[in-house]
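Below: one structure, written as structure tokens.
Each chain carries a letter (A, B, C, D, E and F) given by its place in the written order, and its residues are counted from 1.
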Amino acid sequence: MKIGKDISAQILIEALPYIQKFNNKIIVIKYGGNAMVDERLKMAVMRDMVLLNIVGIKVVLVHGGGPEIDQMMKKLSLESRFINGLRYTDDDTAEVVQMVLAGKVNKQLVSLIQQNGGKGIGLCGTDGDILQVQKLEAEEDLGFVGNITGVNTQPITMALDNGYIPIIATVGTDEKGQIYNINADTAAAEIAGALKAEKLITMTDIVGLLREKSDEESLITNVDIFEIPQLIEEGIIMGGMIPKVESCVEAILQGVREAVIIDGRMEHAILIELFSNEGIGTLFYKN
Amino acid sequence: MKIGKDISAQILIEALPYIQKFNNKIIVIKYGGNAMVDERLKMAVMRDMVLLNIVGIKVVLVHGGGPEIDQMMKKLSLESRFINGLRYTDDDTAEVVQMVLAGKVNKQLVSLIQQNGGKGIGLCGTDGDILQVQKLEAEEDLGFVGNITGVNTQPITMALDNGYIPIIATVGTDEKGQIYNINADTAAAEIAGALKAEKLITMTDIVGLLREKSDEESLITNVDIFEIPQLIEEGIIMGGMIPKVESCVEAILQGVREAVIIDGRMEHAILIELFSNEGIGTLFYKN
Amino acid sequence: MKIGKDISAQILIEALPYIQKFNNKIIVIKYGGNAMVDERLKMAVMRDMVLLNIVGIKVVLVHGGGPEIDQMMKKLSLESRFINGLRYTDDDTAEVVQMVLAGKVNKQLVSLIQQNGGKGIGLCGTDGDILQVQKLEAEEDLGFVGNITGVNTQPITMALDNGYIPIIATVGTDEKGQIYNINADTAAAEIAGALKAEKLITMTDIVGLLREKSDEESLITNVDIFEIPQLIEEGIIMGGMIPKVESCVEAILQGVREAVIIDGRMEHAILIELFSNEGIGTLFYKN
Amino acid sequence: MKIGKDISAQILIEALPYIQKFNNKIIVIKYGGNAMVDERLKMAVMRDMVLLNIVGIKVVLVHGGGPEIDQMMKKLSLESRFINGLRYTDDDTAEVVQMVLAGKVNKQLVSLIQQNGGKGIGLCGTDGDILQVQKLEAEEDLGFVGNITGVNTQPITMALDNGYIPIIATVGTDEKGQIYNINADTAAAEIAGALKAEKLITMTDIVGLLREKSDEESLITNVDIFEIPQLIEEGIIMGGMIPKVESCVEAILQGVREAVIIDGRMEHAILIELFSNEGIGTLFYKN
Amino acid sequence: MKIGKDISAQILIEALPYIQKFNNKIIVIKYGGNAMVDERLKMAVMRDMVLLNIVGIKVVLVHGGGPEIDQMMKKLSLESRFINGLRYTDDDTAEVVQMVLAGKVNKQLVSLIQQNGGKGIGLCGTDGDILQVQKLEAEEDLGFVGNITGVNTQPITMALDNGYIPIIATVGTDEKGQIYNINADTAAAEIAGALKAEKLITMTDIVGLLREKSDEESLITNVDIFEIPQLIEEGIIMGGMIPKVESCVEAILQGVREAVIIDGRMEHAILIELFSNEGIGTLFYKN
Amino acid sequence: MKIGKDISAQILIEALPYIQKFNNKIIVIKYGGNAMVDERLKMAVMRDMVLLNIVGIKVVLVHGGGPEIDQMMKKLSLESRFINGLRYTDDDTAEVVQMVLAGKVNKQLVSLIQQNGGKGIGLCGTDGDILQVQKLEAEEDLGFVGNITGVNTQPITMALDNGYIPIIATVGTDEKGQIYNINADTAAAEIAGALKAEKLITMTDIVGLLREKSDEESLITNVDIFEIPQLIEEGIIMGGMIPKVESCVEAILQGVREAVIIDGRMEHAILIELFSNEGIGTLFYKN
């Protein structure tokens, strides 16, 4: 299909109220899942970031990078061990996590931002003490998995105020220099909360919450956070979705206006979410 | 035709490099012709202004308002007299011009900006002494038609720096309070020059310069200003186009990077000009 | 009488404590009545404005322009209709009001400011959405007479902070573009209140409140606002004075320190009010 | 003579163009002679300073204090010795000069400024290294009389930018801590030059340069600095006037627009000089 | 003893945590006693000031100058009279106090700052109305001894923000120009309180509070201010120490974090106090 | 040896002139060699950085990390290949270099800065496009070794102006996202040049240039850059020293005031170099 220039202009104009709505607001994006694996999607996400940035929306990207860590672990003949879906992080693993997230994934994303004419700055939790961490106390010991005890937003707002897109890898160090692996959903939520962001967008590999499993037509578009316990009980929120939803709730309780879980497998999902009336995925809010 | 949300997003992304190109640059728009008469076009132009403003492009709109002046002259039983296509401006006419341009047309445009969620400030040449004028000396006396002897850009940049879209009516007063009617093409060019604008866009009711009269396929898309005398000689630039082109040249000589004459009858002509590779109309530049 | 240079200097020095008192404070002046008709008084008021501005007092002038509207209505063969002294404003009238106030009166005042070496910016309620209006609900329908529902002070303070004298015509538009005529006393009071001005000065054609009608010696110089109901009951405040006094009260209730009604027929009445111990006219305050 | 309030206002208005002319400009005043001895004149000068400051003129006062030094020398049984009218300054004398100028005269002036509602800061050449000095090499040794080798304007402009009137005593120290007595005319000229002041006003005890000695009607009101050698030759500039005039010339050569010698015995001489067309005294300029 | 460069570097590094602790904090130093008499100590104190200033600590020095006043009184054949250890200040004495403190002592200190490469500004209570004073009401009349009724910190913070070290002589004037002698301990405490300083350091000629008189080993290093009455009762705080300690308490009650009395006879006592864990002297704090 | 507190203070005071000399100046440190391997030295360097930062010196640290790369190459069973001492960088190697430098070494240094109470930000050439690179053209192909074609200092000065110590890993990407290994000596020189640094300090494992090999007494302390060809000819500069010295020259030619090669094996070598008269190592300058 060939789109005429007049229709293009029309579409730009239709984006106007959405641009106005989010102008000068902070949007935190938890980047992950398929959108981080597929090269084409990756490029599309970075382009979305650059576009949002240039139209005056302050975007912050927070990322983990499980698959890349796994791969490097394998190359280094280190064993990846998981406890309840969470990576057990011994000293060697912590080093690999830091190296891969902050040195490989993070810098590649910054490079993609730059390739699209944007200005990116790659940081991790250690830089400027963005994420203050302690050992996460869990029923079963997870090793050096970090619990965020504080967020220093100053390096992030410094970057935003100077026109940079901050790209943040979720790894940090404590005051003794011990490296900690940090859950990216939690980190994004804490960062969004500390920044009093307008929106937290979590990219996943599902369409959203479905009332009927595998019927995409049954998508639940809006959820007041007080309904969540009921949805968990009904099994509509389950498994790996539970902590993701809990991060959304946490962010909202800390002052983020709304949080949304979107399908990162769709090209330009972020733009579609922000620049259409209905948005996509499942939106969480608090009345 | 219904456009899917994914295609809309795609189109937004395609606008990215153009937004980047003009980001934080000043664009002066000479508003006039049909685009100022047709209500639908008027609304479209104001929306374009608001969109450009919100994506970080500094737009300044300069307008006259011939038809509205004629109408008010008629209502007041005053005779409109033209000499070589220029309005002869006696004292009564000067008052009507000021009242209609600064009080009616200007404020309506500001209101339209506001209706589209933008922030507009309506000014005329008198405000903050934006346009310093003297009586234009012409072969045949034109009455109180002003010759611009200086531009004070401070009120304009003050408005731009505070996020407002300045809407400027081309009427001014001299140091004794005498009102002068000022040619809007000239005023736009002088303002663009004084602001060292990136681009001057003049809205007209023609497609652009045509090599073969009435063959729109023969549109001349780019003209180096040194070629203009030749084009006048060949009759390709003629009649009312000559002063418009001369204003473009004047602006370029004063430091504006390029000037373009576009077809204001096309909806969103400004957006299409700025946000496509080829642009529209005829572009003037200096090598 | 010839005043020696030494006495002139002495008088300047006597103004010092008053200049110090109002330095950097905001004074809102409701301009109207005879002072707006007589050319000599007009020039004197504008000079006062320029003087106050240069000695560091932030003056804002708010004006209507009844006589000029009447005159233009007549020229356009439109009938002026009044209900309880308020102009009934149909669509045609609203357009005339806007055109005359914002395009003729306003710009002439700006020009006078400039002729006296000051820097003026002419605005109306529509510019930067200074006055947000709705239809005024009255017992008898007044047509498009506006009720102020909000004031955006940002364009005013932007002008003040950049050294400009803001001249504001009391006409505005609603979010659909409908033009509204706005009572100038009310507008001045609302603007003064929103700016938390130090003083609201209302120019009238009377000496002030008189205890004995037509005995200027019986001038009441100070009124605590709680005494006003009593003064109305006694007929000392009556007729057209009542809404003017009510505007003063409104301003004071919104945080203006004091409001004064002065005799605009006296040359330099504003200077005399501000720069003498007793001031002139009747001052309203709240204990 | 009783002046009506309306005439007072008129006089204020007449000052307007002069206030505009000097607005935001720097005026350096060399304070001395009778105006520094007579208590009434002293108060008048300080009031002039405060008035000028509040109407937006940046005044800097530079002072010596010969009589007070003499008096203290006597009290301390120290001998005052003069060589060609210049005080011979031994170590003890230097200490007395510093103490009297910076500790007595200076602080009294600051106090007077404050008593009139102004904000004063008393400094001397040592503070912030305003005056860099070396021993003045003269034919006959003058002891610790300082030659200004540099001026640091930063403390002065810091005070001005924060709304303070800087009062500067003309005593300084070299990099070893040796105190130097500095000629106040020279110091005022150097400070005015370094500040690129608009005007240097030197207060004296004469009406100005007279063509016929003792005929005040023969006052020379304007002198182009190239005429000065001729006037010296004719004996019109003579004795103690010669170095004062030379300081004026020095200031003008360093970029001060004009320098004027006024009669400090006249109350409010500074105001009269600045706020009237003809000014008073003798003005030096360079074509 | 010769210190190797490596050990020097080591010592610098050991100062790091202390520099970090006081970075950008305000420290007020009451300068007095022997440290103000001995030339070598004087130079050392000024060097400490310059060092603290350059490493980003905001130091303010407050000084009296008893011995220099006595000396000048004697030279002027004026009698020094003391009541309960406080100088009786008649008119002549007040003038001498001002002249000596603000003109001699103060400027010498500024000169010493400058000789060590620092930037000093010498002020007294009169400058910018830093110290607002009234006559101190005491049982026995003390003459013109001032009671501080207000502190204007603006000139001090202006100096600090521009990189200057403010040196403040404790003499002031009331609104009629009467000079007052002000107790330096009190002045330092009030200034520290108004500035919400981090620390007030009072230089004395004793080691600190001793539990056993004349046994320096019995030094009391820390005192909670609630313990003070007990210490006075026990005679551990006695005589001239009582008002000094009371000034410390006053400062703490006004918001200063801690106050310390140090031995000014020790070279670099200020540095040692600030840059070592134990500090020196006796520290007062409030739990 | 035990150093008394008084001697410590003395040493601090001796550092004063050096702190003053470099206050607010930019110092670029090329970190490498033994100082980057030995944990104790590493900690000492980071402490020096924090100290310099807190006393107002703007330090920028630039680092490579050869040994860590070798180690990771080995762990990943990749072969390290060198051509004339330069690492041949194929695609796999480039990825390892980036990951190790930007993800491991860089973040560890930032963490050490933080552990010492400083504020660090870890960046690489890709962030904010600090280092613009192309393939280095060499006689023998070196693979993806980058040639710096431009430096964007904005992210560095942004960090410095906000009080952060920028730590920069010398790896970058071109506009297509290709990773390049960049020589750290060259990168430090280019960064120092672009920042117009006061000094470039290159840490090495030698004492400096020796006139007699292995006689440390024959250290050459100062070299004018025009003498360098002669020193190369004489074999005094040889082998791996040649490119290091050439980087120093390059920096000086781009406007760095001086460049010095110091012995990083000495603890606190940076402090000793900056804070002593003779400094250490060999200093290069241009007359």
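Rule of thumb we're sticking to: a contact is a pair of C-beta atoms (placed from the backbone, for glycine too) under 8 Å apart; a residue touches a chain by one contact, two chains touch by 3 or more.
This structure is a prediction, so every number in the text was calculated from the model and none was measured.
Between chain C and chain F, the least number of touch steps comes to 3.
Two copies of one chain, chain C and chain D, touch each other, and the residues they use overlap strongly: the shared fraction of interface numbers exceeds half. Rounded to whole angstrom, the centroid-to-centroid distance between chain C and chain E, based on C-alpha atoms, equals 55 Å. Centre-to-centre, using mean CA coordinates, chain B is 35 Å away from chain C.
Counting partners per residue, chain B has no residue that reaches two or more other chains. Those residues of chain F that touch chain E in the complex are listed here as 1, 3, 5-17, 19-20, 23, 44, 47-48, 50-51, 54-56, 116-117, 266-268, 271-272, 275-276, 280.
Of all the residues in chain B, the ones that touch chain C in their complex are 75-76, 95, 98-104, 106-108, 110-112, 114-115, 119-124, 126-129, 154-155, 158-159, 162, 164, 171, 173, 175-177.
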